[in-house]
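Each chain gets a letter, A, B, C and D, in the order it is written, and its residues are counted from 1.
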Amino acid sequence: MTLKTVDDYRERVSKLRPKFFIGGKRVESLNDHPISRGVIEATAKIYELTMDPKYSEVMTAKSHLTGETISRSLHIHQNTDDLQRRLDMARMNSQKLGTCNYRCPGNEMLPSLAATTWEMDRDLGTDYHSRFNEYLKYAQKEDLVVSGSVTDTKGDRSKRPLDQDPDSYVHIVERKKDGVVVCGAKQHSTGAYVADENLILPGLSCQKGEEDYALAFVVPNGTEGITYIGQYNAYSVEREYAENLHYLGNPIYGQRETSLIVFDHVFVPWERVFMCGEIEYTQRFISRFAKTHRMNCGGACKVGFMDLIIGATELIAEYHGISRKSHIVQKITRMIQLNNTSLACAVSAAYMGKEDPPGSGVFMPDDAMSNLSKLNTNESFWEVLALAGDIAGGVAVTMPSEMDLENPEIGDYVSKYLKSAVPAKERMRIMRFLQNWVAGLHGVGTYQGAGPSQNEMLILYRVTDLEEKKRMAEELANAYY
Amino acid sequence: MTLKTVDDYRERVSKLRPKFFIGGKRVESLNDHPISRGVIEATAKIYELTMDPKYSEVMTAKSHLTGETISRSLHIHQNTDDLQRRLDMARMNSQKLGTCNYRCPGNEMLPSLAATTWEMDRDLGTDYHSRFNEYLKYAQKEDLVVSGSVTDTKGDRSKRPLDQDPDSYVHIVERKKDGVVVCGAKQHSTGAYVADENLILPGLSCQKGEEDYALAFVVPNGTEGITYIGQYNAYSVEREYAENLHYLGNPIYGQRETSLIVFDHVFVPWERVFMCGEIEYTQRFISRFAKTHRMNCGGACKVGFMDLIIGATELIAEYHGISRKSHIVQKITRMIQLNNTSLACAVSAAYMGKEDPPGSGVFMPDDAMSNLSKLNTNESFWEVLALAGDIAGGVAVTMPSEMDLENPEIGDYVSKYLKSAVPAKERMRIMRFLQNWVAGLHGVGTYQGAGPSQNEMLILYRVTDLEEKKRMAEELANAYY
Amino acid sequence: MTLKTVDDYRERVSKLRPKFFIGGKRVESLNDHPISRGVIEATAKIYELTMDPKYSEVMTAKSHLTGETISRSLHIHQNTDDLQRRLDMARMNSQKLGTCNYRCPGNEMLPSLAATTWEMDRDLGTDYHSRFNEYLKYAQKEDLVVSGSVTDTKGDRSKRPLDQDPDSYVHIVERKKDGVVVCGAKQHSTGAYVADENLILPGLSCQKGEEDYALAFVVPNGTEGITYIGQYNAYSVEREYAENLHYLGNPIYGQRETSLIVFDHVFVPWERVFMCGEIEYTQRFISRFAKTHRMNCGGACKVGFMDLIIGATELIAEYHGISRKSHIVQKITRMIQLNNTSLACAVSAAYMGKEDPPGSGVFMPDDAMSNLSKLNTNESFWEVLALAGDIAGGVAVTMPSEMDLENPEIGDYVSKYLKSAVPAKERMRIMRFLQNWVAGLHGVGTYQGAGPSQNEMLILYRVTDLEEKKRMAEELANAYY
Amino acid sequence: MTLKTVDDYRERVSKLRPKFFIGGKRVESLNDHPISRGVIEATAKIYELTMDPKYSEVMTAKSHLTGETISRSLHIHQNTDDLQRRLDMARMNSQKLGTCNYRCPGNEMLPSLAATTWEMDRDLGTDYHSRFNEYLKYAQKEDLVVSGSVTDTKGDRSKRPLDQDPDSYVHIVERKKDGVVVCGAKQHSTGAYVADENLILPGLSCQKGEEDYALAFVVPNGTEGITYIGQYNAYSVEREYAENLHYLGNPIYGQRETSLIVFDHVFVPWERVFMCGEIEYTQRFISRFAKTHRMNCGGACKVGFMDLIIGATELIAEYHGISRKSHIVQKITRMIQLNNTSLACAVSAAYMGKEDPPGSGVFMPDDAMSNLSKLNTNESFWEVLALAGDIAGGVAVTMPSEMDLENPEIGDYVSKYLKSAVPAKERMRIMRFLQNWVAGLHGVGTYQGAGPSQNEMLILYRVTDLEEKKRMAEELANAYY
């Protein structure tokens, strides 16, 4: 077995020294900064779950390259059962962390790479697929954390890369004998600065002339020329300055943390380059990644989040003594409806999955259903947040902190006036947990992560056979006997 | 092979002489009245599809009792694949008919009977299950049309049966040596008057004292004491008086036709009684039937209808020259989203199905997902109608008829002013087809058929494990390191 | 006082002999055909209400031309109070008729004509306004029914009039010394064939070269060359063949009836032409008409319809013994919410109305609010229908008819099994009334009448001052102290 | 003129020494703590606007007691025009502040007090009204900031006050000769700790036995026994620790700040008690306050917020080069639709307002429309947030901070990769402004402030005349001729 322990990971990460900035300051030790520490803890938890025999069916798989037991985070789906287990993993990890598990996007790029490098080699006689397989064997053997990044910074979105600052999209600035030199930046990257490796996919469907942008590669964390700039917002400050993490809504793992990865003349050796100029394949890379990502991150992951939100909301309803009121029951049921709908779409995406491209051995979720899972989740998640905020009451945003509870001058007041059917502390903990959702980054994060609705709608329209539906209607409308 | 041909069915139905009334008049010949004729044609089409080798995987199954190839309409699901094929059948039949296939509710009661009679025999030592199996073998061998009815007339719904006219719910008025005598009526019955047999399930969850209402049985069409009173509305009149069915929106099959079945002291022999007084099992009968019905009739059947509506709407958009407008594309995509969501829920219900009760050999869809499929469809179907009406334009409700087109005095005007990118007749046919949906009975019919939303919400709430979700939230909110 | 009695109107209409066809047949006597009879009855009811002192504030006004008391249906709004009374009239008429009052569109064109002819005369030195005032004085003096039509048949909507059959839009084919000759057809015309006069407005915003299409005029009912072709659908047939109108959902007035008006070389004398070639004013004609129509017909009229639907739904809930159930109360409240929202928008449109163009003396509702009233109603009305169908139950579409109740063989059955907390007949009457809405033409009719949502959205975007909102956001985002 | 300048206010507030805690620490100087400073700045801005001649029609009124020009924040509405100006003020203040103006709830309690004390004196012979008028004259003369608080802490909401900790609701613990002694706490209080006076209304509709809870009074800020405990969340920390407020989303004014006000044996002299034991009037107090508050704070105030969000979203769309894309235009239009709908309801509430109770001289908004304004806003506001987050893109939650922009090591990267059609800084300012909304407290705050939807639905149902609607439906359904 090639699985690594959580301690292995902790040791590896403690040696990383990426150029990483947060809130305008360089972070010297990933483990000592409360923000990167949360990301490490989330990643570590995945290692723990993977080693837990209770979860082995979900968290591990058998490598199709070596036959070894590997983390499912490094697996290429071999059949629709693999797709089902993959979404089970996404949901469970979300339930356990209440935030990003940080191995998801990288994981979802691997099958896309496996399928598309296979296809390019078949069509073009390149050797990307064997390179990729070598890399994958290495990653599986070392049980590495491979982060994945796709979204370029884009600049003015009404312009193509060559009509503006050419670095608005990651691209090759120099081709050398032993590799390529890369410039640009990827935004919204989850987990990159605590990962072992950073995998980069093209973020736009390239046209003729944009060959330098048709680029996929992987580099180790902290490769020379890379700078990570962390996101920074109110929740970042709250975590940065917290005396005691217990006061926060998701004490250990926090909100989702992403970063901007800047590539300033980064050298990538050929054996880590998986696409280089094949513009007509960029769309396939993206859409294969997207449909996998939309089933898991767009769908099942958020099902796990909604499980937590529903659970916390029901707790608060019980604490407030209103959980049996008919309108509360209706609203909780509505939350369940929305959550199960996202799940149903993800399950169907896996059930209706198929080998793509045929002959590659790689299984991909159904196009329509995976996009649908994300599309439905986009609206649902906001509605679930709104319902949670409805049931929790205004105190979800007006509550004092546990620090007030511990202040001897006013602790008794807080204890007296924040209690309900349960003591103040118990209620405040769950309320703070809910605050983290209903007044946090997750509404937008869920909507945008894995792509906003308009993207899914375009694909849904494109993959639907309207001709067949038209034909059926015509047949009935003109029927005779 | 026991499958019967469509001619067999037509011959059998031509001999039926039920007491059947429509619009205040007795219908002497089912085949000659335009309304019952439509119902017969729809049923006949199912026989044709069943014999068509192209559809055999969907339309037929292997009997678990005899090993013979039978119509899937008489099959008891043996595994989750059976559930998937069952929903494929529901969708396809709707696509082919644009209305009820009339064998659906009866079909969906059979597994519920198989499971619940097995359970009663196991628990109570009754012999309902063997009776049922005997009956099922007979029905399969003769390839009979078995209609199913469940909804009582209920009277004042705030009152239990014994607190009002006792006939408000179907019940036993006399127990005899060789059978029981039954009174009451079932409403909304689809296809009963052109079926070979009428299967009756209890329509309420019985309480102590209501043993006479805990009653399931089957009787041949036209059994003495039975009267069928057909629904009657504008679409009934339109069909009744149509000079030419081509002028109608769904020329052959029409809108969905139901009837009120009145039981006025109807005798049922014991071998056709499958429950008689076991009040504590009525709820299981109903909920097993309901979840099957909600996956198929609530979900997949309406997916087929929505396929037709989407197809017709896209045709009209093309006829009007607006199909490439961005807001039209968005709306068509929204229709596809809603349709696929219903499908996803039905597919998940089948995929997550299980043997219920364990040991019975009968597979049932997942409780949550089947109810969800119906629940989502309820709202979606109205929205799909609204979007179809939006895109079709006002002419969907203000259009003259083809009779005007054929009138020599004004035919040229109609031809000139009703044309668009296609000739007037072509456009009018599809527009009339759409009118049938957007200004017809299907909005309410879809919402109420298989039960309105409140029923599904109650079940969704009941079957959800809120304790588990609460526990997960508490764990995270109180986590330490 | 110039108000005419209902008998005056009945006498006038009894003398009309328009070329009017319905269901492929010429209608000889408007009063004897059940469909045109319904339209006459609705129009007649308006005359009755106008003479009723109880309603005089709403139904009458003082002519700004003569100072006489006139029907508000022929009034030009002089202030915002006039706008408020106008919407009160729209709502009340809908409550009293449950269908179109048939004087609405014509009425709403008059202020648009008053304003725009005034503007043309001012800008261009034409004399349309004085012509119009002469005509208006005549119409007010005789208290005429002036129908209004605007929507051309359009053919292929992706093409301009001159790129396809030129008659796809109403236009001038010949200019003569004493008037113009007109061809084309207007669709969705309400009440035209029972009106005294037919008023015609341009249906497209004309461009250079389309001067022949920039045309407004009025002609008496039945002018030579005009043919009316009535809409024809299931509800038309039901009314046409009804033995007894009591069996129908809206016995006297029926569903809304419209017609296609064909102009085949119709001569219009100059004194009845109110625009002839002024292309740059067509958009103003349309948008002034549209905003008035959207406040009244789009908004307030449907508020009246929803009042009826809510009332009927509440009755059914009481009949069924479920009106106190919490989910029913929530749904009724939701219906009230939607209804009041439409009303609020209409009221605001009137309150925020202003003189348009300044100096004309004509008051117009606020652009944004009037369009909003219609926009909100479009979606709401479908939702109100869906909720009514939810609460009413499946019997709303599966009910037998009163003819069954009167049939001696089965009348007792119907009486027994259709009763609830009230006798069968009472319940069936209200249920049929609801059926008329939830399974009728009103969903699409409401959505499309006065223009579908996309039209209102375009205007809402156009009339909103986004610059001002941007400025306010910038100011705050960059504020210092 | 009695209006005070902003400097007067600043001087008064600088002398206040309330027992005020935030984040577990006592705040010694209101002006020096970044959180209370923001609240003071918002309040001060209102004084500036009030003195600005440009806004005098909106911001000032003529006292009905003295005839003096006073701040509208201390005015009692004398007619429907006053109601319209009041909502104009609410909207404008929100546009100018992007947060609470902190004078709103107190202001909205004054008319309720005026009306209900008048009613009590009339019915019961008490002298509350004259006391209140004396107090009001004093407040107007000194142009005081009067905060208002109504929501008790409630404890277990399934229990009445006397069935749990009696302090769960504010109440009298002792009646003395010269006044009363009060215990309990009010939550969600806006602006109390920077106000001159704290006005307290009963938060529940009292029943027999709960006379001690039927209590309305006013006390100066910092009266002995009062402790204020501020809300504390991520945004509080962000402001508390900000090196530079420019980095925040609403630099000067921040998010909305509330506090818990604890009353620990607070003495209130009789001349400041406006209700004491009159249980049957508590409901009227609450509902009069509620309808005023729902028109203004629930409706118009949020219209102002939505103006800002729409403006910022349009700016970002332009910065990103996507503002002309059809789906963006549709979404901006949808935001406008929702915003205008809230405005329309508020405007109607004012237009349809009336003297309540008759004879009191106090005008109140319409019950249905004011509640509707709030009800519609509840859902709309979340949808507007979701649409803003959709259009803004993921960077709304993943953006680095301006501190990164200013760090010499990475400033160039941030500048390069955060720019779009405008420089990085400009884009980051507006994006941070949006973040403040889409990932902040306002979703829940808006929903709960002035009461959650269920409250408004109950009132909407109660004030609707269903009998009238039923009657109209019956009349039509049973009509004859």
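Basically, a residue touches a chain if its C-beta (ideal position, glycine included) is under 8 Å from a C-beta of that chain, and two chains touch if they have at least 3 such contacts.
Remember, predicted model here, so these are calculated numbers, not experimental data.
Looking at B-D and C-D side by side, the one with more C-beta contacts is C-D.
The interface at A-D recurs elsewhere; of A-C, B-C or A-B, the pair that shares more than half of its residue-numbered contact pairs is B-C. Centroids built from CA atoms put chain D at 52 Å from chain B. The mean-CA centres of chain B and chain C are about 38 angstrom from one another, to the nearest whole unit. Centroids of chain C and chain D (each the mean of its C-alpha atoms) stand 41 Å apart. Counting partner chains per residue, chain C shows two or more touched chains at residues 327, 330.
Interface residues of chain C, counted against chain B in their complex, comprise 21, 23-26, 151, 153-159, 165, 167, 185, 187-188, 227, 229-235, 237-238, 240-242, 258, 260, 262, 264, 320-322, 327, 378-379, 382-383, 385-386, 389-390, 392-401, 403-404, 406-407, 409-410, 413-414, 416-421, 435, 438-441, 443-445, 447-449, 452-454.
The touching residues of chain D, when paired with chain B in their complex, are 326-327, 330. Put simply, chain D touches chain C in their complex at residues 41, 95-98, 246, 249-253, 307-312, 314-315, 329-330, 332-334, 336-337, 340-341, 343-345, 347-349, 351-352, 368-369, 372-373, 375-376, 429-430, 432-433, 457-458, 460-461, 464, 466, 468-474, 476-481.
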